[in-house]
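Handing you a structure now.
By letter and in written order, the chains are A, B, C and D; residue numbering begins at 1 in each of them.
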Amino acid sequence: MNMVNKSILVVGGGISGLTAAIEAAEVGFEVFIVEKNPYLGGKVTQINQYFPKLCPPNCGLEINFRRIRSNPAVKFFTMAEVESVSGQEGNFDVTVKINPRYVNENCTACGKCAEVCPAQRANDFNYGLDKTKAAYLPHQFAFPVKYVIDAGACQEGCSKCVEACQYNAIEPDMQPKTMRLNVGSIVWATGWKPYDAEKLSYYGFGRYPNVITNVIMERLAAKNGPTGGKILRPSDGKEIKSIAFVQCAGSRDENHLHACSSVCCMASLKQATYVREQYPDAQIYIYYIDIRARGKHEDFFIKVQNETNITLVKGKAGEILEDPATGQLVIVAEDQLKQELTEQKFDLVVLATGMQPATAETKVPAEMTYDEDGYVAAGIPGICAAGCTKKPQDVAAAVADATAAALRAIQSVRGQS
Amino acid sequence: MTGFNVSSGPLKYDTEFAKEIYALENGRHIKKCMQCGMCEVSCATRKEMDYSPRKMFLLMRTGQREEFFNSNTMWMCSTCLMCKARCPRGIPIVDVMHDLKCYAISEGYTERPQATFYQAFWTEIWNRGKMFEGGLVARYYLKRGWKEIRKDAFEMKDFGMDMMKHGRIPLKPPKSIKGLQDVHKIVEKAKAQLQKGEDR
Amino acid sequence: MRYSFYPGCEMEGAAVPYLKSFEAVAHVLGIELKEIPDWNCCGATVASGVIGDYPAQVMSARNLALAEPEGADIIVPCSSCYMNLAITNRKFKEDGHFRQMANEALGEVGLKYNGSLNVRQVIDVMVNDVTLDGIKAKVKKPLTGLRVAGYVGCQTPRVFPWEFDDPEQPVFFDKIIEAMGATPVKFPMKARCCGSSHNLTRTEIVTEACYNIITSALDDQAHIMVTPCPMCQMNLDAYQGKVKQHHKLNTSMPVLFFTQLMAIAFDLPPEAWALKHNIVSPYTALAKFGVSK
Amino acid sequence: MSKKIGVYICSGCGIGDALDMDALAKVATKEYKVPVCQKNAFFCGKEGVEIIKKDIAENEVTYVVIAGCSGRVNYDVFNFGPSVVLERVNLRERVVWTQEPDDEDTQMMAEDYLRITLAKLKNLELPEAYVLENCSRRVMVVGGGLAGMTSALEVAKAGYEVVLVEKEDSLGGWLKKSYKIAPLNAPYTDPEDTGLEARVKEIEGKSNIKVYTSTTVEKTAGAPGMFDVTLKQGGSTVEEKVGAVILATGAVPYEPSKLGHLGYGASPNVVTQMQFEELAAKGAIARPSDGKAVQKVAFIQCAGSRDQEHLPYCSAACCVESIKQALYVKGQNPEAAVYVFYKDIRSSGQYEHFYKKAQSEGVMFIKADVTGVADDGGNLTIEANDLLMGSPTMADELDMVVLANGMVPTTAFEDAAYGTESQDEAACAAADAAPVPAPIIKSNILNLDYRQGPELPSLKYGFPDSHFICFPYETRRTGIYAAGSVRRPMDMSQAIGDAAGAALKAVQCIEMTDKGAAVHPRSGDLSFPDFQMSRCTQCKRCTEECPFGAINEDEKGNPLPNPTRCRRCGTCMGACPERIISFKNYSVPMMGNMLKSIEIPEEDEEKPRVLIFACENDAIPALDMAGINRLQYSKWVRIIPVRCLGSLNLVWINDAMSKGFDGVLLLGCKHGDDYQCHFMKGSELAGIRLSKVSETLDRLGLESERVYMTEINVMDYDKVPKIIDEFVEKIDKFGPNPMKGF
């Protein structure tokens, strides 16, 4: 029998991957995290507050990063992607491609490179709502605290950052590297992405600037977002007097995401509280089919319902029209409890776009099976899925699931010995 | 579209009428309706329709047969496919409307002008294998009667004249296709198959 | 590029300018058309509502069966015909039971269809087979400065949503307009219903729908409107007088089949433009491109 | 280990431009007589690190002080192994990036931070782990239902022994009564077999699972790694030693007799979901009154749940359960009429497919308010308002009505949590969204031999859930993890995953305990509190205030610490008026000496000093972040991190005031309903303690406002400079501390 490797590979460094990795490491196993972004934390780094506590994700992330800092059993690679997996439970050979960061380990995060950088790039962390320099720190809480250079955005022949960096941290010639890892088991936690709202033609996302998605709303409300935390209309930067949340924008839909994304109801209720805090008088509408505030989350639902100027409309928002002159939007929907067709004007509309698992597009390089939306239905011995790669779930559930995945990964390497 | 024009006493849920509708060619898909209201918003003729599809389904499950068939809903459908493309439950609402038209005709609810139009159109196809607009119009008015012709004649005058003037209504009907009998045989067979439920 | 050609009934009647211009531009673009022998009506939007979906589909399948021996994909310019033939064809390909039953019915007259062909809408063929560059290459008289409202109509993009275009805000038709050198305008109503066959039974539905479509094009300062759909063209063109009268609208909006405009851009002879069939006069709008009676 | 300190002052990242490096070095070498002190412009570079490593290897430096950037960065390059004590003086984020460069006051601040650290090292010892001699590596799972069985199997598969305790005579819990369960796997469309037999068989086949049936837990004493459990089986008792515990006792249906308004009790044909399940398990579903096979069945959702009069919460599983049961009826008779009266269909996630399946089978879902259920002589009638028709409706000739009656956690059951008079108050309180205190439910499950009560503290509605979204297994009883529907309302699919997660935490706790290390959130911390019992006055504050119930008491009131229950927050240390509790690397005198090391300028220099105690969990990262954003704040402040504000000992305030500080600012985490304190009560306790200080200050003629506590979270980095500046301004107005110079 082959030598059994007791180390664990976690693919994806979002909240699920981080959790799986740290939990396994704290049992005493060596863990590698492979993350494609230049930072760990994934989607939750872009969330302003968690429901229902309305607490900041960075709080828990800081704790998790501290757990990583103090635990040498956790090793991670950012800007890295798994290319291939071969072998079997207890002995997997994994090829990992590491994309060039153009900044090496010498970086002290002093920020000089960004200071002198003459080029700009659309800030993907804020869904393109603002810009960063081509040399940038992905976001304020980024971990590891290292700068990155977006070579595609650099001015040709520019070497200002190279000259400015006193620590020889910038390597314009850095090449992609391929690395091989041998591990005993793998946790696949590549998470989700927001469903492409442009496919919902009737809502006009991409055509109407004031139709945004719920993930963009998180950035608008976030202090470290493009507006410094102020919820403003993208078209003209104006304050809002009315806002609508459109539930099931893509979810529960045979033409788009078949499953319910399970988090959007709570997310919109939460975002309604963001709006309420900034605009005590703003009219807030929520268009829904069913409000899925399960379990104790019902309390939060009641709390939001009790706010003034919040109207819940039972009826899927049918379509959104725009007055191009004012940027005002009209939602056409059936208020089913009143039995009437309504046309209501809003300054801003938030589409509660659902989750699409990353595995809908990028499959696990192994013989896994998937359900109709692309969630991992079943793994193979030694490889299991965790978090939103497996099913749409909120953070608390994803973390619980990732904790379970950590145990299964341990069973895989232990069971082999 | 409007709210429900139904009696004030409690309505009884009744699965019998629903079963009848479910048994139609595309009827089974109706079961999946989750009452989201998307069809009402999406309908091109929503201002004309008595009940949106989802409301029709509610009438159905409370067994309100007359209200159901007397509504103009199925006849107002212009087959623009919007509801079918949008329905989150994937219900082919347009196809369901086809069924309701067929069923309404077979149950004798043929008062609406659209029912006449459909029947006239189909007769054209049946007789020629192709559609001839002149024939269709003639058949339609023949069936609707003089009153309607008088009412519409003035309205339609410009249209007809313009089309004629620009060479867009052939005066002679096209020849029947050679395989007309083949078409008949195929359709008869298919209708028989449908009757027996062999289509699905 | 060889195709079996299904013209559809309208091409022999109200849509005669479509047929004329389409055949002319097809020739230039290297689209070889072989008309399906003795084709019959696809059933339009009506047959299903009288005899049911299945019999109507089997009836339209006769055309597929007649086309199959030629071995070429079927090109369909009319949107209703495309809808019926394409949906039927899809059923042959994907639903084994349907195929078996339908072939049993076709077998009554010795026909059989194996589902080997594709049914292609003319826009799809233009964009994906001819390609936009292929169109551009044939443009002799670029329609520079002409603002065009591309009215795709309702059915074409929605038969199979997203399969070759967005079901509600299609883009490819605009790209074809662009390839002719013209400027497509935003025109949010580009895929809304024109009222379709309500023209006879409930004319106001058509006039109302056409009014909204025409004003949307006017709002975006279109000079003309083009469409690939015979029914839409007829409603928008022949009922425009009524629309104007009813809504006290002063401006006219010429509505052409897009192939007519293409014939002009390709600098084909006026017979290919077939503009004499258009009710709302396009001559003023097109004067600067040397188009006159 | 000998204590040899090396100080490494980095001048990189602009530090050297803003500060006088030589003067800084003098603080180390002259004031503190540090034997090794080096300067470099790039200590985090390869060569810089080599310098330090060389000193460790050749100069026997054991305590390394790096004065440069924040500990949040470059933690990996400055890793010299467990035998070296590492302290970071944050000159960059906390001084250079927030203060005027090249300024006398900035220099003073930097020097003070170096002094604080050096003073700390004087009092700091490398902690030695508290290692149990015979750490038990077994896990006890209480509850043999789906979650419990799953936990047991998962723990066993990971190679640990399990003691599985079930109060009934066989394993299975609700699965025993269930006909089928909602699908656990794609395509999520059909009910699945319960798999009970296979599960039980698998458990029986595991030599490392010891099953006790007809058994209850009489007492759970001890602590992680050494729980002594007394099990009661019939008349006899058994003792088991385990290292960690999983509580998986599940939930029970809400008492249906309280649902008279929905017809329960009026007819035998009105049943609960569980009764219906039992009928289905027997074979053909027949109505109880006369055994007639059912033709027409109606389900009423939220029977009890989402009802302020009954259960304010949603029970999470009932929608999916009713969908499943509706499918039973349809499976038995496809022609049967099945109605589901609902408020919202909550078939979240992939259960949408299951909902759609039931619809496809012809189940009618009716969004309605049910107004009455009546027995009309054998058959049942439901009257309702159909909300989507806007019309009163009725379903008649029903053979059966099934009430989806929700769940109540077993941890609340003995207390009859809801529906009784006393509980109506709780329900009303919930309606007002008023804080519901976390009562320790008088239950009879674990019977913990803990000073602070016999069961897991409940978060809300009797569910002993974690309050942390990021850390769902956070527990207030170290080594005891709740799993499944006892923790929060959940369906079976969730319960299975939850049980596996809890299994990991149990196993992890054992491994950490075995090494003498703390579990989350200070995971890996080897320090633990030491009690100098000779000076104890039996005031019981430590035992009362420990958020984790780590400290028991003897009959005289002496604290009996349980180091393996301890989470190292220091709350006990902060609570102790006699200052007898200390950690090797965190103690009252250490902190006192740190603050005393700060130089207080004479009154006439007009350089006030304000001391800030900042919680290292949220406030410290927020302060770092203020630095990263180059937000400037007052030059008069000096910041000392604390593990948690709960560890704040009042003597530090005394020390600070008598040392001559003009004010003290405390920065902690949010407390209250949506608390964010990672040790639950730290900031709350600090607040209570402070209220006592103000009296003292007032008595001394000092303005009590000179000591101020506020709560911030990690995202308040933009507010923190303002908070600081406003406080300093206020202090400025009071003028200098009159005790300065005494």
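Following the convention adopted for this analysis, contacts are C-beta pairs under 8 Å (C-beta built on N, C-alpha and C of every residue); 3 or more make two chains touch, one makes a residue touch a chain.
The structure presented is a predicted model; accordingly, all values stated were derived computationally and were not measured.
Of the two chain pairs shown, B-C and A-B, the one joined by more C-beta contacts is B-C.
Chain-level centrality, scored on Cα centres against the all-protein Cα centre, points to A. Centre-to-centre separation of subunit C and subunit D, using mean CA positions: 64 Å. Taking each chain's centre as the mean of its C-alpha atoms, subunit A lies 24 Å from subunit D. Computed centre separation for the pair subunit A/subunit B is 47 angstrom, with centres defined by C-alpha atoms.
Of all residues in subunit B, those touching 2 or more other chains are 3-4, 34-35, 85, 89, listed in ascending order. Among the residues of subunit A, those touching two or more other chains are numbered 202, 252, 255, 336, 339.
Chain contacts: subunit D has residues 345, 367, 388, 390 touching two or more partner chains.
Applying the touch definition to every pair of chains gives A-B, A-C, A-D, B-C, B-D.
Taken in their complex, subunit A has these residues touching subunit D: 15, 23-24, 26-28, 50, 53-65, 67, 69-72, 105-106, 108-110, 140-141, 143-145, 166-167, 223-224, 252, 258-262, 290-299, 302-303, 306, 314, 336-339, 369-373, 375, 377-378, 391-397, 399-404, 406-408, 410-411, 414-415. Chain contact summary for the complex, subunit D toward subunit B: residues 335, 337, 339, 345, 355-356, 359-362, 364-367, 383, 386, 388-396.
Partner subunit A is touched in their complex by these residues of subunit D: 12-14, 41-42, 44-46, 69, 72-77, 79, 154, 157-159, 185-188, 306, 312-316, 344-353, 367, 387-388, 390, 430-431, 433, 460-461, 463, 465-473, 488-490, 494, 497-501, 503-505, 507-508, 511-512, 519-521, 523-524, 617-618, 621, 625, 628-629, 670, 674, 676, 678, 713-715, 717-718. Listing the residues of subunit C that touch subunit B in their complex gives 9-10, 12-17, 38-41, 43-55, 58-59, 62, 80, 83, 97-98, 101-102, 104-106, 108-109, 111, 154-155, 158-159, 161, 167-168, 192-193, 195-203, 205, 209, 234, 238-239, 241-242, 276-279.
Listing the residues of subunit A that touch subunit B in their complex gives 202, 248, 252-256, 289, 315-319, 332-334, 336, 339-341.
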